[in-house]
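In the two assemblies presented below, subunit A is common to both, partnered first by subunit B and then by subunit C.
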Partner chain A sequence: MFAAFGTTCVLLLQGCSGWQSALDPKGPAASELAWLIWFFTGLCALIWLLVMIALAAPLAMRSRTRSDPLVLDPGAEHRKARAVWAALGATTVILVGLTLLSFFANRTLAAIGSDAELTIRVTGHQWWWEVRYENAQPSRILTTANEIHIPSGEPVRIIVTSTDVIHSFWVPSLAGKLDLIPGHENVLDLMADKPGVYRGQCAEFCGQQHANMSTLIIAEPRPVFDAWLNDQLRSAAAPVSAEASAGAELFLNRACVMCHKIGGTVAGGTVAPDLTHIASRQTLAAGTLTMSRGNLAAWIADPQGIKPGAHMPVVDLNGDELNAIVAYLEGLK
Partner chain B sequence: MSSSDLTSERDLVPQATPKGDLAPERDGPRDTGLDDATLHRWLERTWRTKPGIIGALSSVDHKVVARRYLVTAFVFLCLGGLNAVAMRIQLSGPQRGLIGPDLYNQLFTMHGVTMMFLFAVPIVQATGIYLVPLMVGTRNIAFPRLNAFSYWIYVSGGIFAWASFALSMAPDVGWFAYVPLSGPEFGPGKRADVWAQMITYTEVSSLAVAVATIVTVFKQRAPGMSLDKIPLYVWAMLVTSFVVVFAMPAVMITSTFLILDRLVGTHIFNPAEGGDALLFQHLFWFFGHPEVYIIFLPATGMVSSIISAFARRPVFGHLGLVLSLIAVGFLSFGLWVHHMFATGLPKLGASFFTASSMLIAIPNGLQIFCWLATLSDGRPVIRTPLLFVFGFVFTFVIGGLTGVMVASVPLDLQVHDTYFVVAHFHYVLIGGSVFPLLGAAYFWLPKLTGRMMSERLGRWHFWMAFIGFNAAFFPMHLVGLWGMPRRVYTYPAELGWGNINLFITAGAAVFFLSFVLFTFNMLHGALRGAPAGNNPWDAGTLEWATTSPPPSYNFARIPVVTHAEPLWAEREALPVATGLRVDARELVISTVAEARPDIREKSATPSIWPLFAAIAVGATFLYSIFTPWAVVWGALPIAITLIGWFWPKGDPEDEE
Partner chain C sequence: MKRGLVVLLSATLALAACQREERDTRPQSALGSGEQPAPVTTLEPGGERPSVSDNKAAAFEANAFHLSEGKRLFNWFNCTGCHANGGGGMGPALMDQKWIYGSSIESIHATIRDGRPNGMPTFRDKVPDDQIWELAAFVRSLGGNAPSSAAPSRNDDMMVHPSENRLPDAATLGKSP
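Entry: the complex of A and B
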C-alpha cells in the first residue's frame, strides 16, 4: 500500500513537467485551476486523514469486545451524538466554503477574455480541428487546421462548434475543456503567459480515432504571430522543381482535390484539412505523426494503417507518383 | 390489536372485510397447534420448487430466483473484468498495437455496460431479492411471478449484449452512447441499436424487482416490525427501489428516442432538423446520476448490517441513517448536470449544480460518521466481512472527496473526461459498492450455502483486492491531471504516461487475481466449508433466525418482532404468530406504518408463463432493432403469454 503511494509520489514529481498537464499551468486560467486543484487536494487529504484516524483509533486502543450487544452506556452515546453533530457541522461549513471558492474561481475565469482582440473559430471534425481566424475583412480570414498560433501574453477568444459529433477542446496547460457540440456555439477564453508550444487533445469520445485527435497551441510574441498570419494568408507556393510540378498536377487530377483545399489552385475541398501551408505545420493527421518527408509519404500511402477508421481514403499511386505528390506538399510552406 | 398482544401465540384473525374473490374462499388446515415435523411436511409440500426441469423453470421462490441472479451477475462481473484486463494490457505502454480502435471501443463500451447494467444493478437487487423477504420475516417476495419474469428478461438482455460482442457488432459508443455519435448518421450498423435495446431489457427487469421490493417492504413485514424496527439494509433497499422507479424511465425514454431516431427517422436529437444533441445528455444523466446511488445505497445497508454484527451493538444513529438514506435518494435526482459542466451551460445554472452536488456530501458524511461512532464502541470482532468494510471506508472516502472536487465547475473543467474521473468513479463504485458486496458475500453466503468460507483465504483475498485496487486506481488520478483523456486506445510515448500506465496495469492484474482467489474460496466454502449453523455471527436480524440455507417457506412460523434487533432482544425463542394455512401459499399482510397483521393473502404459485412471457418480450426487443414492425407483431405472442400467466383457474390459490 505505502509502496504504491510512494511510487506514485515519485511519479508525481517527474510528471509535473508535461506539456499537456493541468499541474503545469502556462496561462492565467490554468494557473487559477491548478491552485484550485492543489487547495482541494490538500483539504481533502486532511479530511481523509482525520477519518482514517477516527477509524483506526478504536482498533489501537486495548478495549474489550462488547459482550451484550443491547447494553449501551447512555453517557457514551451522548458523547458520540455530540461528536457526530460536530463533524456534520464542520462538513457543512467546509462544503459551503468550497462552493463559494469554486463560484469565485469561475468568476475569475470568466473575466480573462473580456478584452480579447483575436477571435478564432475552432470546428471539430472526425478526427481533426478546423481553425478559422475571424476578421471583419473577408480577405483577412484565414482557415487552417490542427495547429493554432496565438499571440502570447494576450487573451484570445475561441468559439468552438462541431459539424459532426461532439468533441471537446482541451489544452490543459492553458485552460479547462469545453465541448464542441453540433448546433451549439461555446466560447472559451484563454491566454498563454509566455511563448511556447502547448499540446491539447480531444476530451470527448468521438469515435474510432478519438485517441489521435490532438492539437498544438503555438504561442508567439505578437510581431512573430502577425508575420505568421500574413504568411498564411498568402496563396500556396508554386512548385519549384519538375517533380513538384508533376506532384501538383497529380494532386489536382486525383481524389485529393475532392476533399482538400490548396489556396491559389482549383483544389477547393472543405471536408478535410486545408493544405495551403501544410509544410509549415509541425505535425500531420491531427498530431498523429511529426511532419517529415517520410511521414508525409507514409500517411498518403497508408492512412488506414496509421489511423484506422480515418476518413482519408487510400489513393492508388505508384512510387513515382507518391514521391511527386510528397515533393509538392513539402514545398507548401 | 396492539403489538403487545402478538407476543403470545394466537390466531391471526383477518380484520379486513372479505375480498370480492372470483373463486369461493375455501378454508384449509392452519399451522395453529401443528407439531414441528408435521408443520414442516405441510409447508415443504406447499412451498417447494417442484423437481425436474419444468419445475426449476417455473420456480417463483425468491431464494431460487436470487441465486440465479447472483450467479449470472457474477459471470457478467468476470466478463466485464476480462474486458478491463484486455484494455489494461493495451494501455500498459505507449503505442501498443495489440488491440485496434474498433475492438477497443467495443471493449470499453461492453465493460461499462456490463458492469453497470448486467453486474452492479442486478447484483444489488438480487441480494435484496434474497435478503429482504428473510429480513422482514415473510415467506416469499411480493409478485413472485413478476420477480421470476425479471430474471428471465435480465438474462436474455445479457446474452443479447454478449452475443453481439461475440459477433463483433457490440456497441462501440460508450456506455453513455451520446448522440450524434450513436445517431443514424455517425453510428452505422446495428451497434448503437444493440445498446439501446439492451438498456430496455435490463431496465424492465430492474423496474420489476423494484416494484416487488417496495411492496414486500410495505405490506409483508412480520407483525410488530413497525417503521422504526425495519433493519437498515431493508430501508436501503426500499429507498433504492424508489430511486429505480423514478430514474429508470428516464433512460428508457432516452434509449427509445434514440432507436426512434435510428429506426423510423424521427429527428429528436438531430440539430439539423430542430432536434437537440444535448437533450440526450440531460435525459441520460437524469437517470445516470441516480444510477450511482442505486448501486451505492444497497451497499450502505450491507455496511450497516456488517458493522452492527461485528461491533456487537446496534448501529449508532439509526434514525439519522434512515433519514440520510432518504435524503440521498431525493438529492440524487438534483445533480445530473455535474456530468455536463463542459458542455457550456450558463455559468450560474452550472453553479447551482455545484451547490447541490456539495449538498449530497452532507447526508453521505453523516452515514460515515455514524458508522465510525458505532465502531468506536469497544473492540470490534475483526473478521473478513469487517475487513472489507474497513477497505470500504478507506477507499470510499477518497472517492467521495474526489467527488467534491469534480462537483466544482471550474475544477471539473480540468479533470472531466480524464483518467482522474475514471479513478474517482472506480473509487466510488468499487470502493463504495464492490468492497461492501465482497464483505456481504463473506457475511451472508453461509446463509445461502449453509457453509462458512475460509477466513484465512478471506484475509488473503482482502489484502490482494485492497492493494491491487489502490495500485491500479490511485495513480489514475495523477495521469488524469497530467492530461490523459478517457477512452483512448493508445497514447504517444513523448507524453510520459508509459511508466505509470504499466504500474496501473500491474495493479489491475493483482486486483483481477484477487477475484480468482475469491471464486476459489466461494466454491471451496460452498462444498467443503464448516457448517454455518443458523446464526454464525450472532447477528440480530431475522434472516439469522431460520436455518442455513433457509427452507422453501423461510420460517416455519411467522416471527413477531418486538425490537429492531429481534434476535438480540429475544435470546431464548422468538415469539411467533400462527393462523396461516399450510396447504396453500399464504402470507401475513400487515399495515404499512405499524406492521399490524391485517389480512391473510395468497402468494402466487409456480408458473412457467413468466418464462414464456420473457421469451416473447425478449424476442420483440431483439426484433425491434431491425424493424419497427416488431412492436406490432411482437404484441401478439406477448399478449398470449400474459393471458396464460393471468388466466383464472377457479382455484383459490390462483385467484389474484
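Entry: the complex of A and C
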C-alpha cells in the first residue's frame, strides 16, 4: 500500500523536471521561488503532522478510568493554558517569519534586473506573443514572435503588456508569472544561469486557444545571441527557386499581406506574427506545431481545424498556390 | 412526483441557456470571392437591375460574433485610414444615413470586394469572402442598422478620456519603468 503510494509519488515527481517546471529552477528568480515553495510546503507539512499527532495521541492513550470532569486539578489546568499560549506564540512567530521570508524573496527578485542591459517588450495577442527587442538605435529594434532569445548568465528586463485581453507570461524554469494587462505595462526581470531552451505558457485564461499560447525562451551565450540578433535584423531572404518566387508574388497579392510583415517587402502588417525569419523559429502558431514544410502547409490550409478560433482565416488557395507560398516561407531563414 | 416534475422542468429550462451562438470560422466552400458577379452600378440599359441577394447576408447581418469580428478587421485592415471611425475623412462617412450605393449588406459587400469609383480600392483576393461579409455587417452597424443586442460597443479609446485603468501611472507619468 505504502510502496504503491511511494512509487506513484516518485513517478509524479518525475514530471517536475524538464524545460517547464517551477521545481527545476534554471535561474536566480526561479531558484528563489523554488526554495520558498519547498520551505513553505515542508514547514506546513510538519505543522500538520504535529497537529495530527497531538489529536491522535490522546485518542490512542485514552485511560479507562474517567475522573469527574467537574473536579479541577490546578496543575493540569496550568499545563493546558501554557500549551495553548505556547501554540499561539509559535503560530505568531511562524506567520511573521514566513511573511518576512516571502518579503525578502520579493526583494531578491526585484534586484535581479536592476542593471539589465537588454530590454525586451513582450505584447500578448490572442493567441501569440509579439516580441520586440528595444534599442536606442531605431534601426536595431527587432520585432519577432513567439520565440524569445536571451543571452544566458545576464539579467534581462522584460516589459509586458497586451492589446486585447489579460494574458500572463510564465516561464516556470526562469521566473514567476506576471500578468499582461491591456493599456498597462508590467516589468519582469529574469535571468537564465545556463544556455538552454525553456518553455513558457500563458497562465491567465484568455479565450478559446489559451492552451495553445506558449513561447520558447532560448538562452544562449552572449556571442551566439549577438549573432542571432544581427541575423534577425537582416531583411528577408530573397526567394531562390521559381516556385518560391511565385510564392512571394502570391504572398503579396493575397490575404497574407493584409496582416503579416516580411521585412524587405511591401508586406508590413503588424497585427499578426512577423514572418521575416519564420523558418528560423522552432514552432508555428505559438508552439502549436513544430516547424516543418508539412506543418506550414497544414497551418495555412486549415488554421481553423488546427487552432479553432484563431484569427488566421481560411484563405482561398489552390494546391499549387499553397505549395508555392510554403516554398517561399520555408526559405525565410 | 409533482416536485420532481418541477425540478426536471426548471433543469430543462436552465439547460436551454447553454445554447451557444454558432461560430462558423471554417467556410464550407473553399471558393471565396473569385467567381462572383460584380454589380458596380444599378444603372442598367432598359431599367434598374434587380437587387442581388445573397444567402450569406442574413447569416452575417445580425450575428454578434460576425459584427465584432468585423469591428476588429475594420481596424486591422486600416479602413480607419480613410473612413476614420465611421465619421469619414478622405473616404465617405459610414455612420450617417447617406448610402451612395444603397444600404443593403449585399451592396456594401460588393463595394469592399470590387471597389467603387473615386478611390475605394478592391479587396477581392486580399480579404477572404467571409471576412468581407463581416466587415460589411459591421459597416452597416455603424449607422445603427444592426440590432443593438448584436452590435459591438464603441471603442474604449474613443471615449472623452481613457478609462481609469488606462490612465497613465502618476508615478511614472506614462513612461515605461
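Operating definition for what follows: the second predicted complex is superposed on the first by the 303 of 333 C-alpha atoms of A that agree within 3 Å, B and C clash if a C-alpha of one lies under 4 Å from a C-alpha of the other, contacts with A are read in each partner's own complex, and residues count from 1 in each chain.
Here is the rule we use: a contact is a pair of C-beta atoms (placed from the backbone, for glycine too) under 8 Å apart; a residue touches a chain by one contact, two chains touch by 3 or more.
Fair warning: this is a prediction, and the values are worked out from it, not measured in the lab.
Trainee: With subunit A superposed, do subunit B and subunit C clash or fit?
Mentor: Result for subunit B and subunit C: clash.
Trainee: Counting only touches as set out at the top, which of subunit B and subunit C does A:Ser292 meet: first, second, both, neither?
Mentor: neither
Trainee: Have a look at where A:Ser235 lands relative to subunit B and subunit C in the superposition and call it first, second, both or neither.
Mentor: Neither partner.
Trainee: So, does A:Ile159 touch the first partner subunit B, the second partner subunit C, both, or neither?
Mentor: In the superposed model, A:Ile159 contacts subunit C only, not subunit B.
Trainee: State whether A:His184 touches subunit B only (first), subunit C only (second), both chains, or neither.
Mentor: Touch status of A:His184: both partners.
Trainee: Quick check for you: in the superposed arrangement, does A:Pro308 touch first (subunit B), second (subunit C), both or neither?
Mentor: both
Trainee: In the superposed arrangement, which partner chain does A:Cys259 touch: subunit B (first), subunit C (second), both, or neither?
Mentor: The second partner, subunit C, only.
Trainee: Using the superposition on chain A described above, determine whether A:Val271 touches subunit B (first), subunit C (second), both, or neither.
Mentor: second
Trainee: Kindly classify A:Ile47 by the partners it touches after superposition: subunit B alone (first), subunit C alone (second), both, or neither?
Mentor: first
Trainee: Identify the residues of subunit A that lie in both the subunit B contact region and the subunit C contact region.
Mentor: Touching subunit B and subunit C on subunit A: residues 181-184, 187, 308-309.
Trainee: Considering the complex alone, what residue numbers of subunit A touch subunit C?
Mentor: Subunit A reaches subunit C through residues 159, 181-185, 187, 253-255, 257-259, 269, 271, 302, 304-305, 308-309, 311, 313-316.
Trainee: If you look only at subunit C, which of its residues touch subunit A in the complex?
Mentor: Contact set of subunit C toward subunit A: 23, 25-27, 30-34, 72, 76-77, 125-131, 162, 165-166, 169, 176-177.
Trainee: Would you mind writing out the residues of subunit A in touch with subunit B in their complex?
Mentor: Interface residues on subunit A, with respect to subunit B: 1, 4-5, 7-8, 11-12, 14-15, 18-23, 30, 32-33, 36-37, 40-41, 44, 47-48, 51-52, 54-55, 57-59, 61-67, 69-70, 72, 76-77, 80-81, 83-84, 87-88, 91-92, 95-96, 98-99, 101-103, 105-106, 109-110, 126, 164-166, 168, 170, 172-173, 175-179, 181-184, 186-187, 199, 201-212, 287, 308-309.
Trainee: Flag every residue of subunit B that touches subunit A in the complex, lowest number first.
Mentor: 100-102, 105, 172-174, 178, 180-181, 185-186, 271-272, 276-278, 311-314, 316-317, 320, 342-344, 347, 350-351, 354-355, 358-359, 361-362, 365-366, 368-370, 372-373, 375-382, 390, 393-394, 397-398, 401-402, 404-405, 408-418, 466-467, 470-471, 474-475, 478-479, 481-483, 485-492, 495-496, 499-500, 503, 507, 540, 563, 565, 568-569
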